[in-house]
Each structure stands twice: as C-alpha cells, then as structure tokens.
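Both of the next two complexes hold chain A, though its partner changes from chain B to chain C.
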Partner chain A sequence: MIIGIPKGLLYYRYEALWRSFFHTLKIETLVSQNTDYGLMAEGIRNTADESCLPAKIYLGHVRSLAGKCDYILVPRFDGTGKNEKLCERFFGMYDTVKNTFPGVRLLDYNLSSKGLHSEARGFVEMGARLGKHPFVSLFAYNQAKKTQKEQQAAQVRRQKKRLAAEGAKILLVSQPYVIHDTQLGKPLLQILKDLNITPVFSDDCDAAECVKASRKISKQLYWSMNKESIGSIPLLQNQVDGVILLTAYPCGTDSLVNEMVMRKVRDIPVIQILLDEQQGEAGLQTRLESFADIIAKR
Partner chain B sequence: MHERTRVFLGVDVGSISTKGVIINNENEVLSSDYIWTEGNPIEATKQLIRSLQSGLDDGVAVTAVGVTGSARKLVGAMLGAQVTKNEITAHAVGTLSRYPQARTILEIGGQDSKLILLDGGVVVDYAMNTLCAAGTGAFLSSQAKRLGVRVEDMGAIALTSQSPSKIAARCTVFAESDMIHKAQTGHKKEDLIAGLCHAVAANYLNNLAKGKRLREPVVFQGGVSKNAGVVRAFEEETGFEILVDPNSHLMGAVGAAILAKEAGEESEFDFHITDVFFSTVAHECEGCSNRCEVVSFLKDGEVMDLWGNRCPKGAAVRHAADCAQRER
Partner chain C sequence: MPQSVIFTFPRLGDYHIVIKSFLREIVPAAHVIVPPPVTQKTLDLGSRYSPDFICSPFKVTLGNYLEGLEQGANVLLQTGMGCRFGYYGEVQEQILRDLGYDFQFLCFSCGQARLDRVYAAMKRLNPSLNPAQFAHALLAGAKKIHMMDKFNRYMRENMAFEKAQGSFLRLQSNLYEALQKTNNISLLHQTSGAIFAAMNKIPLETPQRPLRVGVVGDLYTLMEPSSNFYLENELIKQGISVSRMMSVSFLFLRSNARSLRGAQGYLKYTVGANGVDSVCQCKRYAQMGFDGIVHMKSFGCTPEINATPALQRLSRDYKIPILHLSFDTQTSETGVQTRIEAFSDMLAMKRKAQAASAAPAFGKGERSVGNA
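Let's look at the complex of A and B:
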C-alpha cells in the first residue's frame, strides 16, 4: 500500500510526523514532486478562481499523485488548541479535494480545537482505517512525535547557524508553504542569495516561543499559524537587519495580520511582498534590491 | 591633447517613457531628453543617445553609465553600464542631489507608483503599487484620450475648474465608469479632469501611504508630476507644500548618472553604440515543466547576455547558441 502526500500547505508543518508515522506502520509513502510551472497551472485549472494560490498549488499536487498511490492524505483541520483557529481552507480542504477529484481515494484525520488528545485520536482513527490495531497506531504516533521534535530541534539549530552568519540577514515571515515552495518562495531566496543576504525563516523558530512572543504585537490574535510566524519578529528583531512579510495572493489571515504588523512594528525596516500567479520577476527584483539598499545604508 | 572634461550618462527606461541625462562632476544637467518608449526600449535608447550626443560639446567624454527603470537589465547590457540600479534607490539619489532635506518622495510614473520615505538623506521605507497600475500615468493617458484632450494639457485644464467632480478613487476601473457617468449627466470637462486628478492623488494616498507618516519637505516627481492638477490635488489632500523640480521627470536618470559617477569604475562610453544592431529573442525553454521564458540579448547577432531562466539547464545555453546561428 502507498500513501500519497501532496507537497503543499500542511506538508511543511507535518512532514516529519506523517512520514515517520507511516514508516513505523511499514506503509510506503510517496511525496509529490516539487512545484513547478506545469503543476501550478494544473492546480489553477482545477480550482475555483477565488482560492488562494497555495491552495491552487495544493490541488495541483493532489492531481499529480492521482493514480500513483492507493490513498492521498488530506487532513481536515479546524484548530490546534483552545481559542486557536487555522484558516477555514484547512477545514474545507478535504471536501474541496473530494469534490474536485471524485475518483481519488482520500485518507484523512481530523484535528479540532476540542479535546486534549485530538491529534493522537486522529492518528489512531486513521490507523484503524488502514487496518492497524489502536495500540500499534498509538505506538507509531508516539514514535512520529519524537521524530517531529527532533526535526524541530534541528530547525532551531539551523536557525542559530544562520543568525551567526556574517553580513546582512533578513527575517522572512511567511507561512512555510509559501516560502519553501519551489515556485513561490524559491525565486525570492535566489535573489536574496545574489544580493548576499542570509535568509532567516520564521518557521525555524521554536513555535511555542513564537506564540508567546506574538503577544508583544497583539494579544487578540487567534490564528495559530500567524501567531507562530509573526512571533518571530519580537524574538529575532535584534539579530536581523530587516523583515520581509511574504504572502501569496489572496491570503485572508495574512492580509489582516500583516497590515497590523506593518503599523505596529516600527524599529526595524519591514516590507510586505505579495506573490501571485504572474510570472514576471522584475517587480520582485526591484522591491528586494531596494530593500537591500535600505538595510545596507542603515 | 588637452584633457577632456569627464561627464556621466544616466538613463531611466520606463514602461511609457525613456529619460536620459548627461551630468558633470557637480551633478548639473548638461544635456537631457525625454522620449516615448513605445514598447521598444532598444530603439528608444538609441534615439535618446543620439539626441543626448547632439546636445554635448566636444570637450567632454562620458566615462561612466548608469541605468535604471523597468528595462534596466536590457538597456544596461546594451550600453555596457557600470551601474544598473533599481528605481527606488536611483530616484532617491537623484532627488537628494536637488533637495538634500527631502523627507518624502512621491513618484508616479507610467505604470508604477512609489512612495519613498527618507531620514537624514537615507531611504528608511518605501512602498510601491502592488498588483494594479491604478492611478498611474497610464490611467491618465487613457482618460485624456477618452476626453479628447492631450495628456500634457490636463493639468492646465484642471486648474481652471471651480468645482471638481467627485470621482471614486478606490479603483480606477470604477473611477472610469464614474467619470463616464458624470460626463453623461452634464459635468463640464474641466471639472471631470480636475476630478480625475483628485482621484489619482487620493488613490495614491489610500494605496501607498496608508499607515505611513508623511513628513515635509515633500517632493513630487515622475511623469505625472508635470500635471499641475495632480500637484494641486496632492496639496489639498495632504495640506503640505509639494515641491516639483523643473527636472522632476528626470530624477531617476539623474540618480543613475550620480550612482555611475560614484561607482569608481570608469571607461569611455562609445556613442557609436547607436550604429550597432541589437536584438532580443524570447523563447520558452522546454527543459522542464517550469517553462522559463528565456530572453537572449544579441549584439550584431552575437549573444551578449541571457536572462529569465531559473536554472542553468543546457537547453537555455543551447538555445543561445541556436539564436546566434539564426541571426547570422
């Protein structure tokens, strides 16, 4: 049996957890290819116009896995804790995929803000659908949790190394599925590299610390993923030279949160970069070069 | 032979117009021109270079070239520029040479608009229009055509208006339908034009200046700054005095020239470049499904430069060789 994992959206958050869980259960996984223009175009063709670009790309990944595996993992996420929400798109994604590709068999698990052990329960239920005993699934889940923690620790170490680098550093505040996508974030990273700037990623920070630090910007935020990303600003602003808020069009939560960040964060240069389906990179180049000039002159 | 005076060339190739200046060591403009790009930056640049050359006397030598604007890469390669710089920095440098105290630069060009905030002669923040070209020169040009006036005359006409029409400023598509509606209900042309100027200023302030604090002195530049109606609208909207330099349309080019002067790298510029055959070949690379649009830049059929590719795949390089073959 092969489980297909689309390389988009929550993949960048849960990759280690998912892979390790299935690995312990001795189930093969297949992660879709990197996003490229063809895959993105396929996603755009298959998605409602108003969807955000990362969701369109996600559908492209699902499409690319169809026929290559027995199940495709598309979880349904409501929230990650008390008074915490994810964007509704993560709640609706299972049904979106189900209705877009009716012929494809999906594997899902639910994560909701209600109940303490909801993630573990989700995994046990998912295991049951694959014919695994609850104890076996629970064991695999615990193993996977360990792997996830190790990976997060490795990310924090990687962050420290980046922060210790010589020269200018820019903190990229972004959803992981935007900055790490080969079609969305990679061209930007390439330009930064050409400008000799070290990128520092918001998702390489310790998530719990970020959530705590985000209260310095706003105490009222309830979007978990935005708390994690913007919390990196108060955490790191003394160690970097500038902040780029990177978002993909049209992101509802980012559009509200980034606007607030630009008004509230005053003591470090901040710009917002909005990525869309347009292919031209000239605009991106101009904006990044100017920003590099600003931080170089300070 | 006596030593010739060193001078510096700055070129700003925008989407709508191409601007060029030649400055001396004191940043004074010796020769300048402003022509329409008309979708052909290579031809426009050649025409510009010819015109700048005719305005110069023999005792000077251009020793460094700076290029800015949306076609800076292409034209930079063509002129062998020492410096190709983004528009924000070039505009800031140009303006600071005229107004060292400037704190705010409003810039509206053909399809871009920018807001640059300075502190102590250093750029500290900027904003550029995002997805739409609302409220830029291109919008004013198309509306001028619709109203049957020359875009150059719009400012003077706007100033004659006693009661500018209220035109929606949120989005220029709505502004346009608003304007047509007002015209059909009998608003006078000068009131409509003044209303449009207000819409441009309000749109700019809503889009770019939101959440940012503008401080005096405020300098307004770019092609649209030549429109006195928009200047007045900005004064009314912000309550500040708006400074417009006589060379406000050339500030990007002046900045590029100054940056070239300061680059510390000099070699004499050959005006014969206007006789060279330059061309570009665009091609979709089929190396992978990224489908990069690769542009090869050729000088007399020889590939000089190549851009647009996301990876150094063989296809792109091979393609360059193919192009060279084809052009010969």
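Let's look at the complex of A and C:
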C-alpha cells in the first residue's frame, strides 16, 4: 500500500510527523514532486479562481499523485483550542479536494478544537482505516511525535547558526508553505543569496515563544500559524537588519495580519512582498535590491 | 462619563432600526448615529484606508465608521466570528486610531461575543443599568428582529406577484415605523398580529408555477443589499419569487451539526463561517425543485470558496443552474445587472424547453441548459 502526500500547505509543518508515522507502520509513502510551473498551472485549472495560490498549488500536487498511490493524505484542520485556529482554507481543504476530484481515494484525519478530536485520536482512526490496531497506531504516533520534536529542535539550531552568520540578515515572515515552495519562495531566496544576505526563517523559531511574543503586535489574533510567524519579529528584531513579509495572493489571514504588523512594527525596516501566479522575477529583484540598499544605509 | 455617549455601528440591511432602539433603551442618555446608507463615498473612504486584498465588508464597515465619526460618534460597536470577520475589530480600531480619531471601541468578537460582556460594557456607559432592563431590551430586540425577518422573507417570495404595485413596500414602512416607536413587548405582539394579518391579505396574482430562485452566500453580502446592488429587487422585478434563508434570526438559530446533516454527500466537515449553510440550503432548494440559485460572496471569501466545489457538484447532480457572483468595491453595477438579466432569461427559457419536451408522452425530459 502506498500513501501519497501532497507537497503543499501543511506538509511543511507536519512532514516529519506524517512520514515517521507511516514509516513506523511500515506503510510506503510517496511525496509529490517539487512545485514547478506545469504543476501550478494544473492546480490553477482545477480550482475556483479566487482560491489562494498555495491552495491552487496544493490541488496541483493532489492531481499529480492521483493514480500513483492507494490513498492521498488530505487532513482537515480547524485548530487546536480556543483562540488557536487555522485559516478557514484548511477547514475546507478535504471537501474541496473531494468535490474537485470525486474519484480519488482520500485518507483524512480531523484536527478540531471542538469535541474530542485530538491529534492522537485522528491518527488512531487513520490507522484503523489502514487496518492497524489502535495500540500499534498509538505507538507509531508517539514515535512520530518524537521525530517531529527532534526536527523542530534541529530547526532551532539551524536558526542559531544563521543568526550567528556575518553580514546582513533578513527575517522572512511567511507561512512555511509559501517560503519553502520551489515555485513561490525559492526565486526570492536565490536573489537574497546573490545579494549576500542571510535569510532567517520565521518558522525556524520556537513556536511557543513566538506565540507568546506575538501578543506584542496583536492581542486578539486567533490564527496559530500567523501568531507563530509574526511572533518571530519581536523575538528577533534586534538580531536582524530587516523584515520581509512574504505572502501569496489572496491570503485571507495575511491580508489583515500584515496590515497590523506594518502599523505596529516601527523600529525596523519592513516590506511586504505579494506573490501571485503571474509574477515576473524582474520586479521582485528590483524590490529586494532597493530593500537591501535601505538596510545597508542604516 | 465626561462627555455624552454617541454610538455608531456598521450598517447591515435594515437592522439599524433594532440596534438603535436597543441602544436607546439600555443607555437612555446616549445619542445613536445610524450611519448613512452605503454610497460610493462610503466605499471610497473605506477602501482608501483598508488593506489591499481584504474582503469588501471590511472596507464598507470601515467607511461606515468614518462617516459616523465625522458626524461626532465616540463609541463604536463591532462584532464578528467564524472567519476573518472575527479579526476585523482589532485592525479597524488600529486604522482609525492611526488616523487620529478619539473614540471608545467596543468589540464583541469571537470569545467576547457573549451577553455578559455586552452587559458589562453597557453598564460602564450607563451605571444605572440593571439586568432586568437589559433582558427586556434584549427580548424586545429579538421580537423585532423576528418580525422583520418573517415579514421580509414573505415579501421576497411574493412581492413579484402583488396586484397593486407598492403594497408590500407600504406595509414594510408601516412595520418599520411601528418598530421604531415602541419597545413595549406586548404592544409589539399586537402590532405583529395586525401587520401579519395585513400581509396575508395583500392581493396576489401568483402564477401556477412561478419561477423560483434561492439565494445563498456569505452573510454580509446577502444581508446588506447595497453590497450586491439590490440583486434581490432585480430578480423580483423580473417576476421571480426569491427565497433567502439567511437573516439575523437564522444566524442565532443555526447549528453546524444540522447544516452539516443537510449538506450530506457534499461536505464531510464544516468549511468555516456559513459555507456549510450555503451547501445545505442549496441542496434543499435543489430538492424542492427551484429553478435556479444565486451564490453571492464578497471577493476572496474563504468559507464560500471552500463551498464552491461542492456547489458545482450539486449543480451537476441536480441539474440546477447556479450563478456565482463575487462582489468587491470595484464591481460594476451594469455588469452584475447584465448577468442577472441573462440568468433570469435563461431560467425562463429552460422552463419553456421543459414544458415543450414534457408534452410528448415520454418521461419528464429533464434538460440542462448548463451552469451559468
């Protein structure tokens, strides 16, 4: 049996957890290829035109996996507690995929703040659908959790190394599925590299610390992933030279949260860069170069 | 209170009537500024200070606040939950503060949207407020909302067929006038009896099988008619009976579980805010044999976009045409009008084609004219 994992959206947050869970259960996984132009175009063809670009790309990944595996993992998330929610996009991802590709077999679990939908329960149910005993699934889940923690610790270590580097450093505040996507964030990273700027990633910070720090910018914010990304600004603003808010059109949560950041964060240069499906790299290059100049002058 | 309280709040359909009398009852010393009807000026003001790709309700309500503040308001009310709407308050407050306005912002969003919080906030504005008074104001408000929603629902469904033009609108203005006059619950009961009796007596010329259209979508675009260019009135002018379940009463009484059951086969989980209601209502309209459905949302509304694939599948399965409309502050009224006219023409043509193909003895001859 092969489980397909689309390399988009929450893959960048839960990669270690998912892979390790299925690995312990001795189930083969197949992660879709890196995003390229063709895959993005395929996704755009299959989604409502107002969906955000990462969601369109995600549909492209699902499409590319169809027929190559027995199940495709498309979980449904709404949040982990009171005031800890995810973007509504994730509420509806399972049903969006299901209704767009009715023939594809999906494997899902529900992470909800309502009722008894803890993560462990979701994984046990998922295991049951694959014919695994609850204890076996629970064991695999615990293993996976450990792997996830190790990976997070490794990320924090990587962060320290980057912060210790010489030269200009820019904090990239972004959803992980935007900055780490080969079609969206990679061209930007390449330009930064050419400019000899060290990128510091918001998702490499300790999540709990970020959530706490985010209260300095916004008290009522209830999107967990946004708290984690913007919380990195108060945490690191003395260690970096500038902040880039990287977002993809039309991100529902960033539309408000980035506005809040730009109004509240005053003592460090901040720019917002909006990526869309028609982006040309020349415009991106100009903006980044001028931002680098501003930082150098300070 | 060093200065007198002057309330303002965002407009939503005709509900300002109820909100105004509610506020007047619990804080009698206060003035209430009902924001002027939404005009191009409101949109221009709101969009000038709003983030780029936020949904249009944010821009319009910000415009409402700005117009209210210009008239001297100093206490602003906001609520919201379910989607981005819940986070509007904090950002709008920040934008208005950065513009230099001085005001008190009462935001009952998400976890704050509780009656005890409202009571506590109002008690601060009016120290002599007591729970009984508050409860009475709430009950009167609820009764008024119920009356308005019941009347308007009947009106949407039947106004296209009134014998004497304007009879519904006349009665509606009578109703609104009565609602403004009193907060006395027993008096409201009497009025409600009289108005509904008069409503049922309005002479109608309903055809045997009228064209029926259901309207679904996000709550703001559905309930604030200026944000959809009075689409329902357009449909009514074309002689169509319009059904819309969304209303403030609906929002208070809805339940996710019930809507999810209604959307069975098309949604497994809720998709945020009222997305699941759209699918549930759409399925119900399809089963009731409606001629078409209009799905409206503000541009970029995530829950409604989540619902869209399910709606498209419903449209294919039940062969019911759905017109998807998306509104923002840049939408052109003419464009929307053309699409609505084309849609209602198409529905009428479909009806004719059905009648023609049903005439021969064979079967029902279900024919689809495609999705709009």
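We take it that the second predicted complex is superposed on the first by the 294 of 298 C-alpha atoms of A that agree within 3 Å, B and C clash if a C-alpha of one lies under 4 Å from a C-alpha of the other, contacts with A are read in each partner's own complex, and residues count from 1 in each chain.
Note that in this section contacts are C-beta pairs under 8 Å (C-beta built on N, C-alpha and C of every residue); 3 or more make two chains touch, one makes a residue touch a chain.
Computed from a predicted structure; not experimentally measured.
Enquirer: Is A:Arg298 touching the first partner chain B, the second partner chain C, both, or neither of them?
Expert: first
Enquirer: Taking the superposition as given, does A:Thr286 touch the first partner, chain B, the second, chain C, both, or neither?
Expert: first
Enquirer: Once the shared chain is lined up, is A:Glu259 touching chain B (first), chain C (second), both, or neither of them?
Expert: In the superposition, A:Glu259 touches chain B and chain C alike.
Enquirer: Touching A:Asn110 in the superposition: chain B (first), chain C (second), both, neither?
Expert: A:Asn110 sits against chain C, while chain B stays out of touch.
Enquirer: Could you look at A:Pro187 and tell me whether it touches chain B, chain C, both or neither (first, second, both, neither)?
Expert: first
Enquirer: Contacts for A:Pro269 in the overlay, against chain B (first) and chain C (second): which applies, first, second, both or neither?
Expert: Touch partner of A:Pro269: chain B, not chain C.
Enquirer: Of the two partners chain B and chain C, which one touches more residues belonging to chain A?
Expert: C
Enquirer: Looking at A:Cys87, would you say it contacts chain B, chain C, both, or neither? Reply first, second, both or neither.
Expert: After superposing on A, A:Cys87 lies in contact with chain C but is clear of chain B.
Enquirer: First (chain B), second (chain C), both or neither: which does A:Tyr249 touch?
Expert: Both chain B and chain C are touched by A:Tyr249.
Enquirer: Looking at the overlay, does A:Tyr37 come into contact with chain B only (first), chain C only (second), both, or neither?
Expert: In the superposition, A:Tyr37 contacts chain B only.
Enquirer: For chain A, give the residues common to its interface with chain B and its interface with chain C.
Expert: Comparing the two interfaces on chain A, one with chain B and one with chain C, the shared residues are 249, 259, 263, 274.
Enquirer: Hey, which residues of chain A end up touching chain B in the complex?
Expert: Of all residues in chain A, those touching chain B are 36-39, 187, 190, 249, 259, 262-263, 269, 271, 274, 276, 278-279, 282-283, 285-287, 289-291, 293-294, 297-298.
Enquirer: Looking at the complex, which residues from chain C come into contact with chain A?
Expert: The contact residues of chain C facing chain A are 51-54, 58, 83-84, 86-91, 94-95, 98, 107, 109-111, 266-273, 275, 299-303, 305-310, 312-313, 326.
Enquirer: Sort out for me which residues of chain A touch chain C in the complex.
Expert: Chain A reaches chain C through residues 48, 50-51, 76, 78, 82-83, 87-89, 91-96, 98-100, 102, 108, 110, 218-223, 249-253, 255-260, 263-264, 274.
Enquirer: Touching residues of chain B toward chain A in the complex: what are they?
Expert: Residue positions touching the partner: 70, 73, 85-89, 122-126, 128, 130-131, 211, 288-293, 310.
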